[in-house]
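Same chain, two partners: subunit A is paired with subunit B first, then with subunit C.
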Partner chain A sequence: MPNPPTGLSERQFRNALTRFEEIVGRDWVFRTDEDVALYRDAYSPLWGEEEERHASAAVAPISVEEVQDIVRVANDFRLPLYPISTGRNLTYGGSAPAYSGSVVLDLKRMNRILEVSERDKTCLVEPGVSYFDLYRHLRQNNIRLWIDTADPGWGGLIGNALDRGGGYTGTDFRDHFDAHCGMEVVLPTGELLRTGMGANEQATTWQLFKYGMGPWIDGMFSQSNFGVVTKMGFWLMEEPQAAKQVSITVPRREDVFALVDIVHSLICDHTIPSQTTVASPVMNGSTDPELVRLRTSGGSSDADWNDYAQSVGRPFWNASFVLYGAQKVIDMQWEHIRDRMGVIPGVQFRETASYTFPLSDEEAEAVPDKARYGIPSLNLFGSRNAPGQQPSEGHLDFSPMIRPRGEELIALYDLTGKIYGDFGLTPSAAMGMMFHARTMICFHAVPTFRNAEDNQRTRALFETLVTSCAEQGWNIYRIHAHFQSLGMSVFDFNDNALHRLHETLKDSIDPRGVISAGRYGIWPRHLRGDDA
Partner chain B sequence: MLNRRELLRNGITVSVLNGLPIGITHSVPPVCSAAGVIDRRLTGAIEMTRRLRQSTDHLHFFSGDPGLLWMNTIEPALRTEPMKIAGFTSAPTLFCLQYLARDYGLILETQAIGVGDSVVTNEWQSGLLDLRDLPLSDPGIPLTWVLAPKRV
Partner chain C sequence: MKWWLALPVLAWSVAVTAQDDAFPVAAWSRTASIDENAGGLSVRGAAVFNNWCDACHRNAAQNAPGTRSLEFKYRGELPAALEERTDLTPELVEFYVRNGIAVMPFYRKTEISDVDLAALSAYLTSD
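Entry: the complex of A and B
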């Protein structure tokens, strides 16, 4: 059996697990090394090192009442719990706890789709419901609604939304936390809470109107440790009549200024409804030494880059997105977009796919870019190891957020390319992704390994990326569990006033510190070292 | 959802998967049902299809992305009965299926590179394939493998 959490004797730990067994049954408390190893972070940047975060056990309830009872027992023993929904968000820490020794509260068995209203275009689900589950339910019941899936799609709706993940379809749906409407939470005391209109048991609008009355507190339960979310409502997208996926390319490096400005304008005026990716077919090329030299130089000139682009025969930038709706509306939108983009010399337009809905199973299988049509997939894993690159075990996502401006996109990749080069690594692919209408998220893959030497370099690279980008005003929107204290530390206005408020709330709501200690840098008082 | 321990204890009756490469078949215990999954893009897929057809009628094909195959076929089957899965896929696909299938009590039992006879048997530790031991810089390199209910 793994070691007990710090502060608990082996006897106390055994007694706590016995109490858990009385609640959920013996089969659903996992205490052997073999079982607990399943909760290890498969992409851990600390794999095999002393500081790697490990669970001490896991407990898998099937009902809200069981969650409440488990939380109450945790309070009795001051036992740290770490709730997970499906625990598959590997690039952000997976199912391993933020605080070693925590007992994983595995909510995968709570996998009921409680309600789908085709008329209201909403659903209410439990934490174990995956994108696969909800997609399958909609298809099997011929419900003409779309999910907005994370990519890869093996995760759960609630876990992804609470970590503020994103998807690819319509503006109202792809910010997964923003697309939720109403939640049920087990507070750290074991008390049950419903937010928004759900605070009134007779309300018919729990999944339709977010705010209810009084302060709107749902945000407190995202990227935090103030409770265990046991239900969440979501808005679903009505299946469109048709969709057209398009690609717009521009030839020169400096064309990205106009390209991004126009894309941003078209998103804000609702002409472009979908997530839009602005990527560079030139900068995301092979491991050609000249490309690596340019990427790691810290700022090669437009002329040098354009010469290189000509030599490889590729346009410098590509913007790709999808138009959804009635076919004749799509045709007019596309005409308008081409008119707006026509001011860029050398711009080219391509229709890469067109669909009418519903799709048959065979047609859905054949869609190459499934997430853009609400179809969960595992396609991203096909690129885990790029040709010619050193095999790695996985990667961390480093995801700085910038203004949607071409000059900022170039400056970011000049900076991060040089940092990767300084650490002896090939720079990550370059792209700005507009999950949100008014910002770009620029994902970077930072490789992780299964040896300490390479991982030490990975961690140093990651920390340098975080701090260097923060100095430029490019903060991350989300971060792997190991780096969450670092991530919060750069949000330092007025001597980290925001973080201090988080901990003030933690002390009030979870005085015994039993829920997700350390998550997003929020530690309970007894683990902060300032309560002596 | 099936009780995980019940699943592992469940009845084991008919031997299948005799069509796997030498070295894999010897370690395959009898199970009550089995399926094969084949990435039709990989070199050797036709040969592996021929071999697996000798063992099971439940062969499923996909092209690179096993997501819909998992969602529509494999996971529903695993929810009803324990099953052994043989595969001919890239390493990233194996990683995905291994990760998903472990919630149903399946572990990686054997793996080999290509359709050849070189077999690596994984010890059950972290439950995850140690990718460093394989030439995985090219995701086009095929692996032959078996995921099987963990014996208790």
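Entry: the complex of A and C
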């Protein structure tokens, strides 16, 4: 059996687990080394090292009442709990706790789709419901609504939204936290709360109107540790009549200024409804030594880059997105977009896919870019992409956010390319993704390994990326559990006033510090200064 | 999926155990207490494969990153699709489900229980 949480004796720990067994049954308390090891972070940047975060046990309730009882027991023993939903937040910490020794509160068994209203275009789900689950339900019941899925379809709607993840479909849906409407929360005392209109039991609009009355507090339960969310409502996108996926390429490096400005304008005026990716077919080409030299130089000239682009025969930038709606509206939108983009010399337009809905099962299966159509998959999970290739073992997401400006996109990848090079690694692919209408997220994969030597380099690289980008004003929107204190530390206006307020709230809402100690750098009073 | 198991699997996958709650329970919800006798181990194992493994390991040229990765690994020496393998043993199936490999993570018992794992092994090791 693993060691008890710090501050609890072996006997106290055993007694707490016995109390948990009385609540959920013996089958759903996991206490052997073998079972608890299944709660490790599969992509941990500390795999096998002393500092790797480990659970001490896990408990898996099936109802809200069981969650409440477990939280009350945790208060009795001052035992740290770490709630997870589907536990598949890989690259951000997975199912491992932020504070070693915590008992993982595994909500995967709470997997009910409580309601889907085709008329209202909403759903209400429990934390264990994955994108696959909801998608299958919609298909099986011929409900003409779309989900907005994260890249890995085994992720959960609630967990991903609470970590403020994103997807690819319409503007109102792909910011997953923004697309939620109403939540139910077990507070750290065990008390049950419903937010928004749900605070009135008779309300018919819990999943339709976010605010209810008084301060709107839902944001407090995202990227935080102020409660255990047990239900959440979401808005779902009405299936469009048609969709057209398009690609717009421009030839020169400096064309990205106009390209991004126009894309941003077209998103803000609602002409482009979908997530838009601006990527570089030139910079993401290969491991050609000349390309690596340019990428790691820290800032090669436009002339050098354009010469290289010409030598490989590729356009420098490609913007890809999808138009959804009535076919005749799409046709007019596409015409308008081509008119706007036509000012860029050498711009080229391509229609890469067109669909009319609904799709048959076979047609849905054949869609290559599934997430853009609300179809979950695991298609990004290949270990090898070529014969003989060494399989990858995992990665961390480093995703700084910039203004949607071409000059910032170039400057960011000049900086991070050099940093990767300094650490002896090939720079990550270059792309700016407009998950949100007014910012670009620039995803970088930072590889993780199952050996300490490589992971030490990974951690140093990751920390350098975080601090170097923060110095330029490019902060990240989300971060792996191991680096959450670092991530919060750069939000340091007025002597970290925001973080100090988080801790003030923590002390008030969770006085015994039982929920997710350390998550996003928020520690209960008795653990402050001890990030172990 | 092995075709002859398709129909009973469909029935299994929509089974439901009602719970005491103010909310109506949707007929498609899956719970941990599905009838273990519905159709025998292999049928249950096919459903487990369909639910947890198929998205990576289906026997298809596309939408199967696990199959593709194994194709690159084995280069024709072994079938890339797990359902086509005849050399798998229960121990091997259990090892990879509980330990993972490369980017494939291990599975918790709230995802694939020991009973489900035994069923999955029976399915993948049956003729």
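Brief remarks on what is shown
Assume the second predicted complex is superposed on the first by the 518 of 532 C-alpha atoms of A that agree within 3 Å, B and C clash if a C-alpha of one lies under 4 Å from a C-alpha of the other, contacts with A are read in each partner's own complex, and residues count from 1 in each chain.
Here is the rule we go by: a contact is a pair of C-beta atoms (placed from the backbone, for glycine too) under 8 Å apart; a residue touches a chain by one contact, two chains touch by 3 or more.
Please read these numbers as outputs of a predicted model, since none were measured by experiment.
Between subunit B and subunit C, the partner in contact with more residues of subunit A is C. Contact with subunit C, but none with subunit B, is seen for A:L124 once the two complexes are overlaid on the shared chain.
Look at A:A42: by the touch rule set out above, it reaches both subunit B and subunit C.
In the superposition on chain A, contact of A:H336 is made with neither subunit B nor subunit C.
In the superposition on chain A, contact of A:W154 is made with both subunit B and subunit C. Shared-chain residue A:N111: touches subunit B and subunit C both.
Using the contact criterion defined above for the overlaid structures, shared-chain residue A:Y135 touches subunit B, although it does not reach subunit C. Applying the stated contact rule after C-alpha superposition, one finds that A:A364 touches subunit B and leaves subunit C untouched. In the superposition on chain A, contact of A:S95 is made with subunit C only, not with subunit B.
Shared contact residues on subunit A (touching subunit B in one structure, subunit C in the other): 34, 37-38, 40, 42, 88, 108-109, 111, 132, 136, 153-154, 365, 370, 377-379, 381-385, 387-389, 391, 393. Interface residues of subunit B, counted against subunit A in their complex, comprise 1, 3-6, 62, 64-68, 70-72, 75, 90-93, 95-96, 99-100, 102-103, 124-128, 130-132, 135-139. Residues of subunit A touching subunit C in their complex: 28, 30, 34-35, 37-40, 42-43, 58, 60, 62-64, 87-88, 90, 94-95, 106, 108-109, 111-116, 124, 128, 132-133, 136-137, 140-141, 153-154, 365-366, 368, 370, 377-389, 391-394. Chain contact summary for the complex, subunit C toward subunit A: residues 14, 19-21, 23-26, 28-32, 55-56, 62-63, 65-66, 68-69, 72-73, 75, 98, 100-111. Interface residues of subunit A, counted against subunit B in their complex, comprise 27, 34, 37-38, 40, 42, 88, 108-109, 111, 132, 135-136, 152-154, 361, 364-365, 370, 375-379, 381-385, 387-391, 393, 449-450.
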